[in-house]
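In what follows, structures are represented as structure tokens.
The two complexes that follow have chain A in common; it is paired with chain B in the first and with chain C in the second.
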Partner chain A sequence: MQVTLTPKKAFKVPVEAEAIKPDNFAGKGKSEIESIALWHGNKEVKLGSLFDVKVEGVDKEGAKIVIEGDASRIKRIGEGMTSGEITINGNVDMHCGAMMSGGKVIVKGDADAWAGREMRGGELVVEGNAGNYLGAGYWGVEKGMRGGVIRVKGDAGDYVGGHMGGGEIIVKGSAGLLPGLNMSGGKIIIEGDVTLPGGEMKNGMIVIKGKVLEMLPSFRFEGTEIIDSLKLKKFTGDLTRGGSGTLYVNIIPEE
Partner chain B sequence: MTITDVLCPFCGALCDDVVVEVENNKIVEVKEACEMGVSKMMGHERITTPMIRESGELKETTYEDAVDKTAEILVNSIRPLIYGWSSTTCEAHKKGIELAEEMGAVIDNTASVCHGPSILAIQNVGLPSCTLGQIKNRADLIIYWGSNQAEAHPRHMSRYTSFPRGFFSEEGRKGKKVVVVDVRKTTTVEVADEFIQVAPGEDYPVLSALRAILAGEEDIVPSCVGGVSKERLIELVEKMKDARFGVIFFGLGLTHTRGRHNNVVNAISLVRELNAHTKFVIMPMRGHYNVTGFNQVCTWETGFPFAVDFSRGQPWYNPGETSAVDILNRKECDSALIVASDPAAHFPRKSVEHLAKIPLIQIDPYPNPTMELADVVIPSAIAGVEVEGTAYRMDKVPIRLRKVIEPNHLSDEEILGRILDKVRERRGE
Partner chain C sequence: MELLIKNGVVYDPLNEICGEKMDICVKDDKIVSKVKSPKVIDADGKLVMPGGVDIHAHIAGGKINAGRLLRPEDGRKGTEPRGKLTRACTGYSVPNTYATGYRYAKMGYTFVMEPATPPLLARHTHEELIDTPILDNAILALLDNNWMTMEYVKSGETKKLAAYVAWMIKAVKAYGVKIVNPGGDEAWGWGKNVNIDDSVPNFDVTPRDIIGSLAEANEMLNLPHSIHIHCNDLGHPGNYETTLKSFDVIKGRSNKNRQVMHATHVQFHSYGGSSWKDFESKVDEIAKYVNVKKHVTIDMGQVMLGDTTTMTADGPLEYGLHTITGRKWTNLDVELETGGGITPFLYSSKVAVNTIQWAIGLELALLIKDPWKIVLTTDHPNGAPFITYPIVISLLMSRQKREEVMANVHKAINKRAILPSIERELDWNDIAIMTRAAPARILGLDRYGKGHLGVGADADVAIYDVSPEEKEAKKIQSALLRAKYTIKGGEIVVKDGEIVAVPEGRTYWVNPEFDGKPTKDMLGDLTGKFEKYYSVNLANYPVQDAYLPHPIEIKTKV
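Entry: the complex of A and B
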């Protein structure tokens, strides 16, 4: 089954829409989907009052959701989903695919901050740029992303994979400050440039194929290795806390 | 009449030894306080009556009408923002949080543009800290990092750190070392023993280098980190380890430069690790006299210290998403109530532009740039001068503010209580 949601207008006040996920739509008809509760500011509203809903077919599982138009003020789409697929034909607001454990989310435009936050499994694809805290963990949680894959075709913001414990993040473009901050497992590959990768990392692997604009002073150089047919410098750290993470870098500033 | 032991309601040092001379319900002299404190307590231009904007002009009105208009604006909003709080009492904070919960509003205080990053860091790694009294009596190494307290908290050094003689620091200034770490030679440097100049935005790598040296990994540290030579960093680590009781006070030079809360995490972690060698503590140099108080009250009322979003009934927070500047920059909120603060003078231009577009209510004793944008202006009595109540010093010690003269205006707490009643009345509760 496929459910197409078209926002009735461009929202200014964000909509909190963790209820928009295949698990919640599977086996439901148009009117049932329209009566699902969402939050718009401090008002609880029916999905049908904010979106035009089109339903094709009815299946008990594996629902596909397509969001047409501007979702740049719709938060938490796909949060906690376990199966099915969501395609967002445009930009999307914060927490998209947060805590998902299965299924697939494709964002055709840009994803705002916290996309794939504390993800456990499944796949999140951002065809545009991703904001800050991609695959990171909420304040005070021990681990961010623990499983699954995040692919970003454009750039990502600061703190990619913060507190990450597992899974994989691949950014085709550049990322900002401190990617892999405090990570304890998993793998981050950034093909573009970054600043200060691996702050406080305990374990896991970071590969920076572009330029590292600034290196932390607390990593130990271990020699060179060939990764994906690139000759990369291998460092371990972060030795501020006796970390044993691996950081592969290509071009670093000269001392 | 001479009133002694008055608290100064200006900065987070919350000096409690001020002497005030009062004649005919007017303060004629303020002694012991710093210039800023004297200026605030002596008083200056005030908002005299409540006002409501009509066709572009603020027109005088009554408290009753201003409160009613405020309630009308709030009840018709779906994402109201309530912001300010750092220059009023904890009693007013409690009322404000009750109002935010009732309204399903977002409530935030000035910490979100100040030491908010410190609070996030503390949530991650805790805070090895103590009271200012312990520092006065014990500290022999005092480090000010990214904090020009000589101008921001003028009596901090003379009351709590470098100068006073304490129980275990009988020699006073002679027995203490003062180090300033900053990006430029501030006024504080003039009264310090040592100045370490860090390149702007380089605090995080400098702190990482100090931690690596402390962990015995000095061989991997490059010859220069963030504009500071390796020798200098090794010396500083030695100095820290040799201290009997060390303290780092940090300011916005750490919280609002590149890395933000992560700089603070790094600094706190350094202090935590120093405790394997000696006694070391760390403390944020909180700005407004009761900015700490709001975070305390908000935490015990909601579980979160600032930037709390009540829109879904239960509290939730995510600074960067539910903090005032971010909500304004994204043009999310459809009304704002500002209490004891002046965002129009201090927020980024983009935020202020949105503030100017939405219905805006201001509660404050003094006219300020926010008033120029406000649709409803409600004057209040000055907390700590005309109203008594509780405030928290930067070391989280609660102290009772005194009332030294009778007010001509309602207190923030009373105004908020009246707004809350009106809101409930309008919603038929």
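Entry: the complex of A and C
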């Protein structure tokens, strides 16, 4: 079953759309889907008043949702989803795929902050750029992403994989400040440049294939290793936290 | 406005009414003997009790707010949107003020004591209490790690100490004296901690001296409540000996109305063993003492298995917890007065120590024979959030319920706790004492209309939709969590478990009369302290009347 949602206009006030996920749509007809409640700013509205809905086929499970047009003010799409697939043919607002534990989300454009936050499983693909806090934990949460895979084809913002406990994040471009902050498990691969990777990390692995623009002093050099046919420097840390995380870097600033 | 609560099964221990079918009459905000044209509440077959009185729950103030800031993720639990009458609620272990008021009221509670206010931060505490709906309240002022106190303890000038305590209680609009790890916070400023007979760095006094002198000052001022103490050495294996020594410091004293020492959250102070490996319950020793002595009362500080936030003025203890768990932590220092710390904690059923802690709280309630000596608390939120009280009550009332839990926890409970051997089940009269009558009497609030349903008492009444014969734990829990009715000050505030009115609570404070030369001398010393050390001026220190929109002033005389 495939459900296509087309926004009726470009929203100025954000739509809180955690109800847009395959788990909620599976087995439902057009009118049922149109009557699902969403929040638009401080008003509760029906999905049908914000989107044109097209439904093809009916299945009990594994629904596929396609969002056409501008979703750059639609938040929380796919939050908590456990199965099925969502494709967003454009940009998307914050919290896309947050807390998902299964299924797949594909964002064809850019994803704003907190994409894949506290993810437990499944796959999130961002074909454009991702914002800050990709796969991190929301304010105060002691573990961010714990499982699943996030792939970003462009760049990512600051704090990629903050408080990460498991799973894998792969960024093809560069990332900002402090990727892997306080991470305790899982794997982050960044093919471009970053600043201060691995701060307070206790465990897990970070691989930086581009340049490290600034390096924390609290990592111990262990030697070099070949990873993906690149000769990388291996470090252990963050020693300020008694950490035993592994940080592989390619080019670091000279002393 | 008149109410007639008809045919309820009434438990009113302070008036020796134990499960009698009778009517309760309410006129305006008081209990009366008869009414003319009342609104009738049919309470046939339902439990009727005085409104609950919580003797010790951290519900407002700088520490609680720091806890909310440290744990924004806790705010994601327990969210409820605003209703027609109610404000939006958030939080589980560190709920917002609105959630605190509504949840207590739904459980039939109408009075809560905020038990640990740093005097310098009292203004903030009162501000939060203004925003805590429905509940009557009061605060205890932390006065033990205070430089003025310790200097007077050292010099033996107890009259000046009494003058200082009187001035402080009046200045910050507090109800009584709180002691937390006496000397420990001052030592913590130097990275150390102290036990009962250690010398506090730079002050040359021991915790024993501080406890004894503050108790003497407290009794000299004739305060309605005794000293309220969190003993030294909290949470450490083998600490029961310190606890008993602390109780013993003032064993010769007495007061005709009440105890002379209330020791709080004694669960955290009843540990045997020499390390975490042989950690065990020593409730038998604590109960043996409390059962025969008259000068001390205690509250449970029950731990419930699950996630919560620990917060106390005991700074070194919180740092110790943080080093064990590696979880986030924050520390507070309040100038010359006190300190504190906060860290999240998960009491796990898979961990031997946590399981034994859970057992110890229940053992205290079951092995102490006289329910007037032990109050039900969880030291909210340290042992568990207050919202778990109905579960604690069902555990005390049902041996079967306890067995169900014990079957699914760490097996150490069978060897190193006493609970598996205890058959006792409490009845509704015991529960009414432990949750209403005893805390009211221990706080001295029974004389001001709290904790009972006699003529002239405050019309604070809880009506629960449960038969007094009910044994099933689940039914007891759901009835206690959502009262059929809660009446506060003669107004129905909860009906069928929902909030139907949100009056503002009143704040009880004590105005101890103590003048003359000691006060004059003390003010000279105090002025010096403010000029030399405090970051505020003496004139700006006292809490203005505007911070207590509904004050109840209690005057005491020497």
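The definition used in the following text is that the second predicted complex is superposed on the first by the 255 of 255 C-alpha atoms of A that agree within 3 Å, B and C clash if a C-alpha of one lies under 4 Å from a C-alpha of the other, contacts with A are read in each partner's own complex, and residues count from 1 in each chain.
Note that a residue touches a chain if its C-beta (ideal position, glycine included) is under 8 Å from a C-beta of that chain, and two chains touch if they have at least 3 such contacts.
For clarity, every value in this text was computed on a predicted model and none was experimentally measured.
Under the clash rule set out above, the superposition-derived model of chain A with chain B and chain C contains a clash between the two partners. When the shared chain is aligned, no partner comes close enough to touch A:63: not chain B, not chain C. Annotation for chain A, partner touching more residues between chain B and chain C: B.
Of the two partner chains placed by the overlay, only chain B lies in contact with A:43; chain C stays clear of it. In the superposed pair of complexes, A:219 makes contact with chain B only, with no contact to chain C. In the superposition on chain A, A:138 contacts both chain B and chain C. Superposed model on chain A: among 110-118, 128-136, 254-262 or 326-334, the stretch of chain B in collision with chain C is 128-136, the rest showing no clash.
The contact surfaces that chain B and chain C form on chain A in the two complexes overlap at residues 138-140.
Interface of chain C with chain A (complex): residues 70-76, 327-328, 344. Of all residues in chain A, those touching chain B in their complex are 12-14, 16, 39-44, 73, 94, 113-114, 132, 138-140, 177-178, 181, 196, 199-200, 214, 216-221, 238-242, 255. Listed in rising order, the residues of chain A touching chain C in the complex are 137-142. Contacts from chain B toward chain A in the complex involve residues 77-80, 103-105, 120, 123-124, 204-205, 208-209, 211-212, 215, 217, 220-225, 258-259, 262, 265-266, 269, 310-312, 317-321, 330-334.
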